[in-house]
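Same chain, two partners: chain A is paired with chain B first, then with chain C.
Showing the complex of A and B:
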């Protein structure tokens, strides 16, 4: 019960932000030249003025922007995301189709970045100012400074084109008829390059945070207490330093969910993955306002949900959090 | 005497580039079973380094270069040189043969793990006991250190316990495996005076019951007088004097020891000064309440930080406000200088009521009441020259910059600093010098009332005595009235004409220093006075001035 009220409160607190984002995006797209009908007409190779006029009326584009915005928000209150003009079916269906690849991509990239970032950060902190630390820190800087589209393109060039080890793009072999484990392995094989590409920049961030936080925690008094008790160094690290050092890392997961969604737009485009990010990109290009707003709405909910989970996790990790509430 | 721990000619080198080559030089100490040896010294004397060397926990790049540290390991009196042991062997001694307690009970325990888990840890590393057996032992230990409700304390996380309880848990942890030697590094410095008295009693009790040898590191001669069997005095990494507690305390031989002891304020107030009947500041039922919690009503908490405090500060006199942490003394000070807005009551300063002035008017009148802060390190902006910091106030009140800077140089001379030092930055000064800068900053506005919030608490005892002397002489020369906030009753006894004792936001006792110290009426005042460490010891006064000159 307490869990539900907490979740409800978090959602209520996010509502104003959600409203501003949706209205802002709506108005921003009004400034862009062309609309859905222009994009549709360009696709079918042109049409005469009466047809265009007819289409505009069909999609209610002849009405004023403010009345359409109010209309959209009113429908949203009933949890209706509207129809997609381009795909010709409800927006919610389009989005549900596109969510799994994005979630899989983000989840794997996050796990990879978090796991390796943590391990490399620990190694760097334990060997601070010696060669492993220098090597890891330099590598982190390179990952951090290189744009992910470049990593993606170079990855395709080296591993897909030159070596031929991995596929260049897509979300599974087309019409392969695979099922069960073979299907999963196929998807994993296809996702390897995109996941690594997306993960590298976050890995660099996690690595640096973990290293700094380990170094900071190891100067604290309770670490000295642990040594005074005669704990072996490995146990000092695992039992006393690690969990304290993880707290800022966990905070970072929540903060970076949004950034990661942004990053997945680029990666999905580079690797031709049918995910939420590419759907957003396509909706912008085709002025499919309903779909775009839907994607933004669902993404915002996703970010809120992940942050909520992170908060719960944080409260589990740090007993001091519960005390204040 | 048969020493359990024997340090012979120990020298510890600091890394190149430190302010001196050696942290410890040729230190020799013997610690016998069943005795408490106090190592006393000011900051930088090397007393904590001695403990670090024994534990094998010296900071990085700091090494012992010569000497031996012999720990008796067997019943037959075999001993081992700790400096020759490898990390692995040292680890088997740490926690098992030598226990250690630290200064900050707040930070010395891991905030994410329960007390039972941390107190039980020495058993898990050094013994093969089952977890059932361990939790039984932990409960027995917590009971031994007199934690109320040991079972609940065992389940608690450190933040759920008070400072005193945390320090008890630390002691339980250090004594878990009944070590022969206990090293206590300023274990009561961060605690309130009544808690300190309890912890000192506890250490004494456990030490006597188990026959432990205790190496007790402290800067406070009151604590030494309370607990020590023998005393060793250190200065700049050198052991200057050691002997039985009574000898060192009452007949110190080394000039440095004499100077240190002379700087300890006596607990009896000096003869009363004549103080004007006229009040410069009158507080009437000042209250300040904190409310926490947001929109949701059920989370609301109300804290009465100050409750109807009524006091008067006589012109040219000193009013001391004493109390433990959380008593509301600092909140009251902040209300007077209007860093906080009091909720009710009046603060009369001449014609003005400082409590109800508008914020604009507060700025205009702020020059009359100025504040000196506790932390000499944190209260000066590190990026500005100290001269600018001192001149800042007058400039804000419309004095031309050039004039304000010239005034700053005069003030530096007044507080005993080199006037040329105005061009330097705060980090180039020592703690005592920084507190003088803080004084100069407050005096720059020519206030008639100075509010000093624990101005000497962060300073070493000899520097503390100098700053107190300076405050007393400034009071005479400039006709200042002083509101002096402190937790240290010895300091209060020396400088205050009147004293108000605060507890939980209320003034429980208010009177002249002689009354409060000589014939306290409130039980809380009596318990505070009873808790002052070394209250039965009066520092010898003979030859104090020669001693200071010699040091």
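Showing the complex of A and C:
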């Protein structure tokens, strides 16, 4: 029960921000030259004035921006995200179809980045300024500095085109008729390259933070005390240093959810994955206001939810932090 | 004639290719006996909003739906009109009545028979009211009579040239079932995303953002066809990723120049693929330079001619387009055999000295800093070559003292800037030629188009002579006279120069050599693929 109140309170606190974001985005897109009919006509290679006029009516673009904004907000109150102009069906249905690939991609990439970042960060911190540290830090820097689309494309060329080990893109074998574990394995096989691509950049950040935070914590008094009372080094590292060094890492998860959604736009486009990121990109290009606002709305909810979980994790890692305050 | 190294390489490459694959031999010789079965995977770059070719005329729609839904007529390898759902046609003497005989024994995928009532409904309710380009073509269509189940008589209030109508119907004559659409909101009909037609393949599944699947129609009217079990279209937005999908065997075909120019060039050397403009002759495009006559400098024809003289088009084609194109001679491309004027030549060839002289003559002398005036250039981003051409224009014009500022927008925004708010001095994008000048070319010149209609005359330019030529040609039923009118139009437009078509370009297909009977008709990517098969 306390958990639910907490969650409800978080959501309520985020609502004004969400409303401002949605209204702001709506107005921002009004300022962008060209509407969804312009984009459609561009896509089909031209149309004459009567067709264009009729399409404007069809998409309700003949009404004023303010009346459409009010209409949108009113529908939002009823939890109705409207119709998607590109897909011709309710935005919520379009988004629900697109959430699983993005969640899977982000979740796996996050786990990979967090896991490897943590281990490599610990190794680097324990061997600080010796060759493993230099190697790991340099690699981290390279990963961080390389754009993800480049990683993705290189991955495709090496592992899909040249070696032929992994598929070049897509979310599962088309019409394979696979079920159960075979289906899951098929999706995992298709997601390997995209997940690694997305994870590499974030890996670098986790690695650097873990290393720095390990080094910082290991100089604190309680670590010296632990050593002084004769605890074995492994226990000092796992029980005392690691647990405290993890706090900034957990903070980072919450902060990076948003960034990762952004990164998934590129990765989903390169690997032709049907996720939220690509949907957002397409709705911007097609000026599909309802879909774009829907994606922003759902993404914002996602970020709020993950940050809420992060807060709960905090309390678990460090009992001094009480989630209720 | 001076040949550069690239031209030499290109022409020898072209010779080698044609020696290895003489156009027809390549389509048939490898063939032997068609093999039943197999799945053809096709790359598509962007997802269409609806899959209904009788509501949306666009190659992006055709490349998928023409396998499911058929048009009244199609084109053969030489671009001539051949029967499909219509088997014969005839025009009355006055050109106002066109009678179509329809194929008998054709069934919709849901089992109902295809009849003249379907054609009547499509023509009056969809082609005349909703279908882009067709609304103008069918403007004077008054009625479609159906004396029997397999005859449709189109009645027009003004004469319509039979050649124009037939050529246009290959693209604008797709028939969807009346019993599915009648009485519904056609734009929101579920069949727009799960198409039902008479074609060789039946719709199976459409996964948004991923793929579309069709399967063989066992009741197809061409007995023994089609050969493939399935066709799968995959949506891959990233051009480089699409090339990788071809190279890794995930897809076997990418049509309509949807890959990067450099990749098209590179795949041409790959022994597993054929890279060809053949089979896409029905669609041609030009790199344009569009002028806004609201700028006083631009309104002077000497200035417009000077701009054209200042730009070295052959150099651009050779170095930026990998040789994929030719300098254009006017608004009708040289592949359009029925209309291309015999004595055509490039109107304002590269000549920098002439450009400078024209500008001086017009009274725009260089100032102390060597500049004459500044122009705002809006690129309309149809393809990756557009920003390249924009930069090339900028640098070329700088050499004759015109400072060009490039204003970059995305696709939709650039269309709005040029064709709606007229917020440009010069613009560059693509013009598409669709087999007959009256389909989508003369709208670029005819006055009276309201603001907001892209790819129409929004230039603040008007010529009574050009308007009259366009209107006369659109209702001239004698093919020879019509041809002469268009030759006159080309001459007049080159003279007045309200717009410049700088290059003449083909769409390229990249196709795996396993795909047989491919690119054997003039609009192959948009045709029904009824005879296409895959070798083992």
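The criterion applied here is as follows: the second predicted complex is superposed on the first by the 314 of 325 C-alpha atoms of A that agree within 3 Å, B and C clash if a C-alpha of one lies under 4 Å from a C-alpha of the other, contacts with A are read in each partner's own complex, and residues count from 1 in each chain.
The working rule: contacts are C-beta pairs under 8 Å (C-beta built on N, C-alpha and C of every residue); 3 or more make two chains touch, one makes a residue touch a chain.
Quick caveat: nothing in here was measured; it's all calculated off a predicted structure.
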Exercise for the section: Scan A:186 for contacts with chain B and chain C and give back first, second, both or neither. Expected result: neither
Handout entry: chain B or chain C, by number of chain A residues touched
Key = C
Exercise for the section: Report for A:133: first if it touches chain B alone, second if chain C alone, otherwise both or neither. Expected result: neither
Problem - First (chain B), second (chain C), both or neither touched by A:216 - result: neither
Practice task
Report for A:46: first if it touches chain B alone, second if chain C alone, otherwise both or neither.
Solution key: second
Problem - First, second, both or neither for A:33, with chain B first and chain C second - result: second
Handout entry: In the complex, chain A residues that touch chain B
Key = 220-222, 224-233, 235, 239-240, 243-244, 317-320, 323, 325
Handout entry: Partner chain A, residues of chain B touching it in the complex
Key = 55, 57, 87, 91-96, 99-100, 102, 104, 107-113, 121-122, 125-126, 157, 159-160, 170, 173-174, 299
Exercise for the section: Spell out the part of chain C that touches chain A in their complex, as residue ranges. Expected result: 46-50, 56-61, 130-133, 135-136, 187-188, 192-193, 204-205, 207-211, 213, 230, 232, 234-238, 240-241, 244-245, 247-248, 250, 409-417, 420-421, 432, 440, 443, 449-450, 452-456
Practice task
Provide the residue numbers of chain A that touch chain C in the complex, in ascending order.
Solution key: 32-35, 38-52, 54, 58, 85-88, 94, 97-98, 149, 152-153, 156-157, 160-161, 164, 167-171, 174-175, 269-272, 274-275, 278-279, 281-282, 285-287
